[in-house]
Structure formats: C-alpha cells, structure tokens
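In what comes next, chain A is part of two complexes: it sits with chain B in the first one and with chain C in the second one.
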Partner chain A sequence: MSPFIDGIMAILEPTVMLCIGAGVIIGMLVGMFPGITATMAVALASSFTMTLEPVQGLAVLLTIYVAANFGDRIPSILINTPGTPASIATTFDGYPMAKNGQAGLALIVSALVSAIGIIASMVLFSTASVPLAQLALKFGPSEMFAVVILAMTIMISISSKSIAKGLLAGVIGLFIATIGRDPITGDARFTFGIRDLNSGLDFIAVIIGLFGIAELLDQLLTHRPHEVKPISALGRWWPTKDEYKRIAKPTGIAALVGLVVGIIPGAGGDIAGLLGWDRAKAASKTKASFGKGNIEGIAAADTASSATLGGSLTTTMALGIPGDSVMAVMIGSMIVWGIQPGPSLFVNQPSLVVTITALMVLATMITLAINLVRMPMMVKLLDMPVHYIWTTVLVFCLVGTYATTNNMFTVSIMLIFGVIGLVLKRCGIPASPIVLGLILGPLAESNLRRSLLIDGPAGLVNKPISATLLTLACIAIVVALSAPILARRRARQAKAPL
Partner chain B sequence: MNSPFIKTIAAVSIISLVAAGAAFAQDAFPSKDITFVVQAAAGGASDRTSRAIAAEIEKDLGVSVIVENRPGASGTVAFAHVAEQPADGYTIGFGPVEFAIAEHIGYDFDRSDYTYLGQVMNSPVVLAVAANSPYSNLAEFIEAAKTKELSVSNSGAASAFAATAFTLAKMTGAQITPVPFDGGAPAVAAALGNHVDAVTAGAGETATAFADGTLKVLAIFADEAHPRFPGVQTAAEQGFDLQFGAWGGIYGPAGIPDDVRAILEESIRKAAASDAFLEAVTPAGILPQYKSGADWEAFVAAESARYDEVLN
Partner chain C sequence: MAEQEKLAASSGGVKALPDEPAGDEHQPASPSRRMEIATASVALALALLALVLSRNIHLRMGGGGLDPKWWPTLLSSAAIALSTVLLCFSIFAQTVRRDDLESSHRDGWVRMLSALALSALYVFAWWTTGYLVATALYLVALLWLFGLRSWKGLIIFPLVTTAFIYGLFQILLKVPL
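Presenting the complex of A and B:
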C-alpha cells in the first residue's frame, strides 16, 4: 500500500479517535486558562502517553498543541488577557471588537483564520519540510538579530495615537527586559539581591498583569459607571459576505508571514502575530481603524501566529531540533517511541509524516467545529453580572500565574504590573509596546552579542539575509515616521487653494 | 452466627488493627506523602529524571511522591525552598550540576545546607561539529584552534557546557570562543548551520542529529564511551584527560535523621538501578549513574572546587 493510505489508515482507529477527543478537551481548557501553557500540558500528558502506541500518543500530544492554540485566543478577545505571548496581537483588535459589541464575530473569525493558518502550514510541512529545514539553518545569530530588529519597528505602528508615548513604552519594555542575568556573561543585572529576579521577569505574569489585571482595575476603579462598557452584547456571530472579502487579503498576507517566521528557530507565534498584524495594517485600506476593533486586524494576527505551528513541526521533524518548547517535550516522547526525527524520517517513514499531517489537520477541524458550535454556549457565561465575571477572571489569573512557577513571587509580579498597567493606561501610554520590548529585547541583545562574538561587527552586514532584513527595517522606520508628516502636508496642500 | 460475640470480636480486631496502624505510623518512615521539588520547568532532562525516580520511590515506599516544579534563578529558588523545609525526609529535591556552580556565580547558596542522598544520573558533555566540517577528531580541532580562533556554542553562560569549552581552551592553549545560547537546541542548530565552528552540548540534544548523520561528534567528555554514540572516543582516549557532565542526584534539607536517611538512600539506590528508570531516561541521552549520598557529597565538593577555578 502507498504510504499515504498507510498513514491515513493509522489514525482511523477508535482508540486514536478517543485520544484526539481527550487532547481537544485538555487543549481547549489549557488554552483558555490564562497562564497555563500548552508546554506544561504536553509535558504532563507525555508522562501518561509514554506507554501508548506512538500514533495514539502523538494523537493526544499534537491535539493538545492544536487545541490550546485555539483556546488561547478566547481570553484575549473577551477579557483582554492573552493566555500566552502567542496571542498578544489578538488583543489589539479582538478586545476592542468585543467592546464594540462584536465579541461573537471576533471569536468566529479568530477560530476560522486559526484553522486556515494551521492547515496552510501543514500543507507546507507535508510537501517541503526537508528543503525548508535547510533554510531554517541559515538563520544564525546575525540573521535572528535582523529579524528581531524588523519586528521591533512595529513599536511605531502599534502606537497609533502618539508615537512618543508608544516609543516611551517600548523603552520601558526594553529596560525591564534587562532585569535578570546577562545572557552572555551570566552576571546579575538590576536584581538588587532578590533571588527570584535572577531569571528575569516572567513574561506571562507581566503580560497578564499589564493586559488583564490592568483592565480589571480600570473597570473596578471607574467612578463613572455609564462609561464602563462591559461586554454584554456578543452581537452577531457569522461574518457577512462583505466581511469575508475584507479578511481575505490580511489572512493571505499574514499566512505568508506566519509560515516564514514559523520556520525560523527561536521566533514563534508571538513575533509572527505581531509581524502579521503589522504587515496587514500596512497593506490595508482601513489602516486608521487597526487597533480599534478592525476585523482585518484580528484575522491577520491569528492567521500569522497559528501558521507557525507547522513551521515548528518542520524544524522538529526534519532537523531533530525542537522548533518551540512544546516540540522540545515532544521530541523526548518520540525518541521513547523509537521515532527518530531528522531528514531520514521523511525518506524512511513517509507514512508517519502523513499520519502526523493527518492528525494535525483532523485535530484542527474538530477543534474548529467545537469552537463554532459550542462557542455561543460557552460565552453565555459572560451574561453574568460584571462583578462576578471580574472575580472569576481574577481568580483564574491568580491560579494560572501561580501554576507557571509554583511561586508567589510570580503572582506578586503580575499584580504589580497590573497596577503599573493601570497607571500607564490613565496616562495614555499603551501597554503593547512594553510587552514587545520585553519579548524582543532579550532576543535582540543576546543575538547581537553572539553575532559580535563570532564574527565581529562585519557579520551583521556581510551576510545577505541579515543585510536585507536590516535594510527593510530601516525602510520601515522611515516610512512609519514620515507617514504622519506626509499626511499633514497633503492635508495642507488640499486646503491651500481655498 | 450474627451473635453479639462475633460483632465484638470484629470490632476489637478492627480497633486493634487501626491502633496498630497508628503505632506503625508514629515511628516508621514514611507515613505520609513525600514532596519532590524539581528546579526546572516540566519537560526537560531534570524533570524527566525526577519523575522517573519519584515513580520508583512511590512503588518502593508505598506513599505518594508528589513532584513539584519550582523553576527560577539557576535552580536556587528550588534549593532555597527545600533548605527551609523540615528535615524529616518528606521534602526532597533534584540536585543538578548547578549545586557545584551556583556559589561561584554570585548566588546565595551553601552546599552544607543539604543532606546528600545519592547521585542518580549523568549526561556527559560532547563536542560536535556539522557533518560538512573539516574536523573529524578532537586533536584536529584543537590543532586548528591554535592557529585561528574557533567559536563553540553552548546552552548558556556558566553551564557545564560552557565550562567544558573554557577548560579545553585553558588546557591546550587553543583559541576557543565559547558562545552561549538560550538552551541546547539553538546551540546545536547554530553548529548545524555553520554559524559556529562547533558545539558543546548534552547527549540529549545531539544524539538525534548524530544518528541521522548531520552532526559529527568529535569527543565525549566522560570516563567511558556512550551507548548513543557508537564509535566515538572519549576525550581521554584521544589524549585530552577532561571529564564534564550535567550530573544530578537527590538531596534534602540538612539534618535528616540517620534512620530516615538510610531508608531514602536505599530506595533511591534501587530506583536508580531499576529497569523502569533506565527506560525512561536513556532515550534522552541520560546515563543512569549511581553514587551513594556520602560519595556524591564528596564528588560535589570536588566539582565545586573545579568550577571555582573555571568560572573565576
């Protein structure tokens, strides 16, 4: 029989279906719970799946991976709290949409484009893994530095209200990213003798604090109740024909961005989501409403970050190098099952590659179906009085953050950043550039310094990939900064004849 | 038969059984759940080793062993937490190579705050290059590094892997630049992509690429050959007497009473020798390696002296 039929037959067994079912439930719950990551779920599940057959075990683990990616978007849209860094860009337009009474529409669009992103990346995985993996190896420290610098230019475009305030926030983010140990020498920086600060500020705690807790405090402390807009109306669910047309272009652009970023080792769903959102904004006719509840924005963010899943799987399977932290755990399990990831896997066990692809696609379809059908019921919870909702959110954030490290220190960090987030919000300083700085800062610094250690300053400009990307970054900065000036001049010229 | 007598006998026997159980609980260890603190997040080599050992201790001692991940600050968050727990044997933890390193890189950590219960594993450091690299053994690599500077990636600053590269350079006078990455996988990727000249990493990160032929392993820094790297010589066999490994053992707070300590040590010894443990860790390139508590304590002291020299 052909490897294709063998691969498909392998998953058409009742036990495998049962495993997929279990994976979907675990993954969705884990994804929705802010703070609990797919990595944690897969790591804990892998101790139980060890004794299963490889295909059954892969069914559980891959499905958790897929379903958590869907679940992740839900708290971003409904309560402005990204469950993991991968859904930061989802909050940009998802939460404003929810506030504008379009929560239902945002959830459905997010689920649809996440499925498109994953399936597009799986097509690439199943057809071109080996050459793509070779491309991935071309990204060394200097190339990574250039990618990160390009991503950093987004700071300008996400601070649409005031570039100065946005950049100030970005610099705050870059500064707090230096807290902890120096990535190259290992010396302590800004730790003030506090042991827990040695590993730096926990991403997830800072993100939940700045987004979720700050939003909660803002609503609780607003003394003008008529101005508070709880998400009471979910609005309609399904996009109109016109809206489908509108999201087609951003979805396409973002899928490309996600596929490319997914292949690059060390760059994941967070960077892809941000870049995808930014590129879609640049190409959109409705730039001005990005970040204020534009359906194109959420489509772009979620397509791009979901499209990295196949990329991670590609580097994992074709090189034996884990593409992200979930895959690092998966490799451990695969070796126990006697699956040897690497280029020869695609030659020796083509049916396994088909099985993995089929599992990912099937898990995506099932999760999508559940999302589309069950979402209205699940979201009924939001009909509760607003104080119950926020109480529940707070409890979930506390438990979720505690679970990341089993340490109250992490919870304190979340609460402190909640207060900081509230103050910044009241001053009109956006939170997203802070998170951007916090995530990208360490990547930029460590890769720049690695690159300098290896080749000296010349290494940054004499390699084609990094030189090109750095040039693009320069162009992006010039364009972004000059756009408002040009717009003002045009406006003045238009007025001149009067 | 349902007479009051039978009922009385039944009641008495039940009460005496319960009393016996209570008496047993008072003096015998263990009578309640044991907490096993892991200094790393779920999913890595430390977590894998710890969960495998915990499962075996659970079978052996008949109480639950609850694994708790407390990552942060090179593991010292977990070490400090364990040191503060009562020394009754109900809190133990996984002690990695950072036990010998932490005090030398500015952490508030004192090796004498702990009871050493036994080493269980070792993951030897290997030096590897991409398949298309011009070097095929350690001597060639060192010879080349004497005429031009060679970069060697590793999983992070102040790790056993970085220390191997530093020490190798110091020992031979070769010009080796250790380049720390954020974890073993990106360090290996940098070598595969020829961004660095070589990588020092654990067997877990290199074994898959080695088996596939995309990575050449030049030397293993261990006493003996590694089953995952057939045909690869140790550094000592190639004339460079140097051993480095990411080892690990089980520890508790200082002052665990001798009788409890003996029970735990024996249980850990059995766990480390069990087939289940072997099956759980070897696929990740980890070698089971047992040392008794006292031997391991002496070994940690010797390692610490060595790292003091390398890192300062």
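Presenting the complex of A and C:
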C-alpha cells in the first residue's frame, strides 16, 4: 500500500479514536486551568501512554498539544489570565472584548482562527518535513553536532532572561545526560555504584519533576486566595459578515508570523502570539483600538500562536531537534516507543508524516467542534476549586512516574528534580534548556567525539554546513546579548531632550 | 512582563503592548542581590565538584584523548566559567528584576513544604502498605492541607480518584500498582 493510505489507515482504528477523545478532554482541561501548561500535561500523559502502541500514544499526546492550544484561550478571555503562556497575547483584546459584552464572540473567533492557524501549519509540516529530513540525512557527525549546538543556542537566546543563566542551564542538562554508561566505551559515569543509574536518569521522571512538580510547588508557594469571577454575560456568539472580512487580513499576517516562529527551535506560541499581534496592529487601519477589544487583535494573537504547532513538529520530527518545550517532552516519549525523531525517521517510515498530519487535523476539527458547540458548559468549569486541581496533578505526577518503570527510585528522582526545578525557577534559571540538554546530550557528545576522531577540530569549521550552523549559533548568542543593550540605548535616546 | 520587554526589545524598543497587563492579582517577587550572589556561588561550587568528579571517573581501559572523562570535564569547565561570569554580574551589575515570578509568602512555604513532606511519606507508605490505602489517605491529607473542609469532598473525591487511577493504570493499561 502507499504511505498515504498506510498513514490514514493507522488512525482509523477505534482505539486511536478513543485516544484522540481522551486527548481532547485532557488538553482542553489543562489548557483552561491557569498554571497547568501543555508541557506539564504532555509530561504527565507520557507516563500512561508508554504502554500504548506508538500511534495510540501519539494520538493522545498530539491531541493534548492541540486541545490545550484551544482551551488556554478561555481563561485569557474570561478572567484575563492566560491558561498557558501561548495565550498571553489573547488577553490584550480578548478580555476587553469580554468586558464590552462580547465574550461569546471573542471565544468563537479565537476557536476559529486557532483552527486556521493549526491547519496552515500542518500544510507546512506535510510539505517541508520530508525535504528537510532528506537534506539532514547528508549530515555527518560534525554537522549533527552543529545542529544540536544551534538548536540549544537559539532556545537559550529566546527563552532565557539572562543568557549566562540560559547557557548554564543548557550545560547542566548536557552534564545530567552524562550520568550512566558512556555511549562509546560503556564506562560508568557518576553512577556511584547505584544500579538504577546505569542506564542514566529516566527522561520522563526528570521532565515530570522539572515541568510538573516544580510548577505545582511554585503555585503552592505563591498562591493567594482571591475571587476572580469569570465574566458571565457572554453576549452573541457568531461573527457578522463584516467581522469575518475584518479578521481575514490579521489572520493571514499572523499565520505567516506563526509559521516562521514555529520553525525556529525553542520559539513557541507565546512569542508568536505577541509578534503576530504586534505585526497585525502595525498593518491595521484601526490600530488605535488594539488592546481595547479589537476583534482583529484577538484573531491575530490566536492565529500566530496556533500556527507554530506545525513548525515545531517539523524541526522535531525531521531534525530530531525539539521545536518547543512540549516537543522536547514528546521526544522523550517517542524514544521509549522505539521511534527516534530525526532525519532517518521519515525516510524509513514515510507513512508517519501522513499519520501525524491526519492526527493533528482530526484533533483540530474535533476540538473546534466541541468549542463551537459546548463552549457555555466549558466556561462553567472555570469555577472548579483549586484544591481539587492541585491534588489531582500531584497524585498523577507520582503515580504516572511510578508507572514508567515500576520502581520507587524513579519516583524519588522525580521528586528531587521537582525541588531542583523549583529552586532553579525561583533563581531565574530556565528549565527548558536543561531538558533540551538532557535529550540532546548523547547526540552532541557522540557526534562531537566522532567528528574530532575523524577530522580533528578543523572538521567542525572546514565543512561549510557545520561552519554555517556554528556561525549562526554564535550570531544567536551575540544578538541575544546585544538586544537589551540596544534597547536601553534606544530608550535613553528617546528620553533625552531634543 | 518578561515577554513584554522581549517584544519591546525586538520591535525597536517601542512598547507595543496595551496598557492593561494580564492578571490583576500579580504580586511580583522583589529583586534580590543576595539571592543572585548565592545562586552564582552555589553554581560555582557545584561546577567545581562536577569537575573533580569528572576527573575521577574510573576507566576500565586506561584514559587519554577523547576518553569518557573528556566530555564531562569540558562541560564542568564551561559551567565554572559561566558561574564565574554570573558571580561577577551578581556583584557588580544591576540587580535582575523578577517581575515574571510571583512573590512567596509564609502560608505558601508551609503549604509547599507540607505537600512535599506528605508526598515523601506517600512514597514510603505506598511501598509498605500498597497503592489503594496509601493513595486514598494521601488524597484526604492533601485536600485538607489545601483548605477543603467539606466531609463529602474529603471522602468522595479521594475514593473516586483512587479508583479511577487504579482502573486506568492497573486494569486498562496493565501497569501493576
């Protein structure tokens, strides 16, 4: 059979449909509750999807990824609090619209443009991932090492407030990845005679600790009881013909922004949403009303952040480099299922491109339908007391981690990394580069050592591709270092008397 | 707030966001030079420890060149350099703003540390008494700690959640609990 038919047939099984249904419910719920991010949910779900077939597991995780992208808009619009960082820009016009009695309209427009953004990004994924993977197949050890370094530097330069702290986090992740057996000689490193450490630290336990437990502990530490009642007057739901025309242009602009940002490793929906909103505002005839409840603003913000999903998937699946923190977590699960994301994946399993595209599109359509039909019911869920959410997350983190290895040692590691994650967060050291370092560490080490053994240090800079990628990595760091300096200088110039 | 600054920087320093920030209840953590110095010092100490441990990795077939010690040594050296830079910044540069973090408070510390202690106790209890009893009691304790006082909630929620997790993992996914 052709890869296309194989790919489609794989998702038509009843169990896969059941997994999609579970993913939609989990994703919508985690998206809706502020503080529970898609990364945290995918990390948690990784534990109970490990025993599933790869397509079933992918169905759960990818659907959570999609559905959280819809669910997180609801609290942004109704209580001015982003459900996840990807919906920060949604609050700019979503909440003012809700205050103006247009909450229903904002929710429906948000759902529609989110679906458009994801579908557009999946067109990019389905057309660009195989050519990109074929190009990457020509890479030798020096090029692969350079790709890893570029991915890490871009993620660090984008996701870190302090470059030094971001780089330190990346180095910590790479160092943690050395625990266990050496990838070439098999010598034990930092195992201290503990047999459970021979195969290294469990990915999922570390990820659940850093993203799940650490986030929850931070909430327990900082939460203050306050009454934020969701806006209950939802107004009309569907846009008029004129409003559809108004949102067309910002949706188009923001989709382009989202597609470009999505391809960049480490840059996610939060950055795309802000940039998309900003670019749409610049191009709008009604820019004065942006931030005050402009329907174009919400369309731009949500299209841009949703359009990053396909780009993130492309770099993850075609290069083995996580496109965002959710994808970093997902790579960990895929490795457990025996799927190694990277250039050879789509060459060996071309039907997987079709399966992933079909899963994402189907998940988008189902979530959109639920959003359009059951929105009033979902709004009521925002009233759920926080003690039930905290308790559920905590117990799922513990039981889910145990399920990955049936070993309490793994649970202890997860709790330890939860505390480490909290300390790092309070100290301003980001967790994403640590996870990226942990996942890409073995790839970086083995390729660097091979490259140095074959060609010596000159091999890294003599080959055009690796030299270009390493130069780009240096540029990413220099740009990130110079951006705040330039911004301060511009601010001083703007303040200076004429 | 950090994203707002990031966008402002990327858009030529012009603040491109609306006046009303997200989240009315945001109480940002205050900047602390002492914390920055402590962070950098601990990072430096741990990096030095990592370097010592890296040099002491036992090799079965002799060392030299690109042996298994080489990569960890390189990484710990990089960590030492970065921690030193951080320490210098923490002492001499302007204190870093922490607007993106909520400030902690005494009740929060009690809640967080109690939840951690309960979780550690739960791991031990699960190991000794089995999943069902340990989980139900753990959930009751957590709900009480987080402020629930309704007896219905304290009984029904733990029982339903314990049974749901048992059904999901033990029965559906065949993971022995």
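Everything that follows uses one rule, which is that the second predicted complex is superposed on the first by the 273 of 498 C-alpha atoms of A that agree within 3 Å, B and C clash if a C-alpha of one lies under 4 Å from a C-alpha of the other, contacts with A are read in each partner's own complex, and residues count from 1 in each chain.
Basically, a residue touches a chain if its C-beta (ideal position, glycine included) is under 8 Å from a C-beta of that chain, and two chains touch if they have at least 3 such contacts.
Because the structure is predicted, anything quoted here is derived from the model rather than measured.
Considering which of chain B and chain C touches more of chain A, the answer is C. Of the two partner chains placed by the overlay, only chain C lies in contact with A:D270; chain B stays clear of it. With both structures placed on the common chain, the touch criterion links A:S199 to chain B but leaves chain C unconnected. Of the two partner chains, neither chain B nor chain C is touched by A:G104.
When both complexes are overlaid on chain A, the residue A:L415 reaches chain C alone and has no touch with chain B. By the touch criterion stated above, A:M40 is placed in contact with chain B alone, chain C being left untouched. By the touch criterion stated above, A:K281 is placed in contact with chain C alone, chain B being left untouched.
Of the two partner chains placed by the overlay, chain B and chain C both lie in contact with A:N406. Legend: residue contacts after superposition of the two complexes on their common chain; A:S344 is shown touching chain B, with no touch to chain C. After overlaying the two complexes on the shared chain, residue contacts for A:R490 are found with chain C alone; chain B is out of touch. Shared contact residues of chain A with chain B and chain C: 182, 184-185, 187-188, 406, 453.
For chain A in complex with chain B, the touching residues are 39-40, 42-44, 46-47, 50, 136-142, 181-188, 195-199, 265-266, 315, 319-322, 325, 328-329, 331-332, 335-336, 340-344, 405-407, 446, 450, 453-454. Remark: chain A residues 48, 51-52, 76, 80-82, 85, 88, 91-93, 95-96, 161-162, 164-165, 167-168, 171-172, 174-175, 178, 182, 184-185, 187-190, 217-218, 220-226, 228, 270-271, 274-275, 278, 281, 290-292, 385-388, 390-392, 394-396, 398-399, 402-403, 406, 408, 411-412, 415, 419, 422, 425-429, 445, 448-449, 452-453, 483-484, 486-487, 490-491, 494 touch chain C in the complex. Listing the residues of chain B that touch chain A in their complex gives 41-44, 47-48, 51, 68-74, 76-77, 80, 105-108, 151, 156-158, 177, 179-182, 185-186, 188-190, 192-193, 195-196, 204, 207-209, 211-214, 279-280, 283-284. Here chain C touches chain A in the complex through residues 2-13, 16-20, 22-25, 27, 29, 35, 39, 43, 50, 53, 57-61, 66-68, 70-72, 75-76, 78-79, 82-83, 85-86, 89, 96, 98, 100-105, 108-109, 111-112, 115-116, 119-120, 122-123, 126-127, 131, 135, 138-139, 142-143, 146-148, 153, 157, 161, 165, 168-169, 173-177, going by the rule given at the top.
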